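Got a structure for you, questions after.
Just so it is clear, A, B, C, D, E and F label the chains in written order, and each chain counts residues from 1 on its own.
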Amino acid sequence: MPLVDIQLIEGVFDKSQKQAMIKKITDAMVEIESEAMRGVTWVRVHEVASGNWGIGGKGLTTADVKALQTQVR
Amino acid sequence: MPLVDIQLIEGVFDKSQKQAMIKKITDAMVEIESEAMRGVTWVRVHEVASGNWGIGGKGLTTADVKALQTQVR
Amino acid sequence: MPLVDIQLIEGVFDKSQKQAMIKKITDAMVEIESEAMRGVTWVRVHEVASGNWGIGGKGLTTADVKALQTQVR
Amino acid sequence: MPLVDIQLIEGVFDKSQKQAMIKKITDAMVEIESEAMRGVTWVRVHEVASGNWGIGGKGLTTADVKALQTQVR
Amino acid sequence: MPLVDIQLIEGVFDKSQKQAMIKKITDAMVEIESEAMRGVTWVRVHEVASGNWGIGGKGLTTADVKALQTQVR
Amino acid sequence: MPLVDIQLIEGVFDKSQKQAMIKKITDAMVEIESEAMRGVTWVRVHEVASGNWGIGGKGLTTADVKALQTQVR
């Protein structure tokens, strides 16, 4: 305890970005919960197939997310 | 909010059936919750490997489900 | 198989709306997968505590969702 | 997308710590994925009842976790 | 690793039965995976509200499950 | 009801070990809940990609788990 599950669309992030998520989120949790709990802090990454993550009824593809990432706000 | 997770055995449904699930279930949710929430209604499809979904202790395969679908009731 | 998990913020929907979600989503699934699979179609409703569902870093409350539902689009 | 689910034992963290988790983890995700995705970054907190989270076969209580937090390493 | 999540309808099992599930399932996992992994074998129990677990479109209550348990096969 | 989800790192266990988990855990559940519930006891196996299951901030690989399994305690 605790357990953190990160869920992504496959193909959006590369291996080093996924490792960075595990590291940064573990650090954020430990900062709040206490360093003594680092060894029992589990953070996992799961990926959903492109097209299988629907927002408003339309399945988002890997390409859709990549377009969204670079969008000027 | 809301989030709906549909879990299937892989290989039973094709891409267009999975898109139909996302669309129909989003519509069913929006009908109950209000059209204003469509944009924050997420519906995802996940697939479990053939043989890894046990009912009564026996792992169901893709072929088992396909046989079940066409069974005369 | 299949299993569908509906996730909501607690206190937004009443008992009859949650029963309607179970019924409508089961019907939507059976329509795609075959009536023969109705008995093994499981649909569950889970609720997350008010404030514990963050969007963009801010925890949504039951009141926030109720305001969103009635918003003019 | 993405969705992050934080799972805790109930009663270990107070409301402001849970809000801090949502905020810090959203910030960590956005830093990796792009600021443009903040609005579709969902981070949720779920709590498991005291005694229902087993490690090595023994159910951890809220008190067990509090003792672990303050342990000298 | 591994993690096992047991999901029940609330009020069907008492505290000692839930502890027995955690213990027996941990033992079953360790028997297959190796005794060396006991310390990183997590088994959790989650409960879904009575009426929120639909089978075939009808929400099962705690009473329905208790009736099913004692049914002559 | 009930549903049990077993989560593993991919490539650690072979097909027969995963079938043994489904069988043994179903038997353990039925022993506690009543034999009458065997038909509605679902046990599933899910696998997380090697490297995506972080403990203490470091992603565990299939090789790391295999080393851990054979470790002298």
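Definition applied: a contact is a pair of C-beta atoms (placed from the backbone, for glycine too) under 8 Å apart; a residue touches a chain by one contact, two chains touch by 3 or more.
Because the structure is predicted, anything quoted here is derived from the model rather than measured.
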Request  = Please name the chain that ends up farthest from chain D once chain centres are defined by their CA atoms averaged.
outcome  = B
Message = Measuring between Cα centroids, what's the chain most distant from chain A?
response = E
Remark   = Per the C-alpha centroid definition, the whole-Å distance linking chain A and chain D comes out as 14
Ask   = Roughly how far is chain B from chain E, going centre to centre by Cα mean, in whole Å?
value = 23
Contacts with two or more other chains, residues of chain A listed in rising order = 3, 42, 48, 53, 55
Remark   = Residue positions on chain A within touch of chain F in the complex are 15, 18-19, 22-23, 26-27, 38-39, 41-47
Key: Footprint of chain E on chain D - complex, ascending   = 48-49, 51-59
Ask   = What part of chain F is in contact with chain E in the complex they form?
value = 1-9, 12-13, 17, 20-21, 24-25, 28-29, 31-37, 40, 48, 53, 55, 60, 65, 68-71, 73
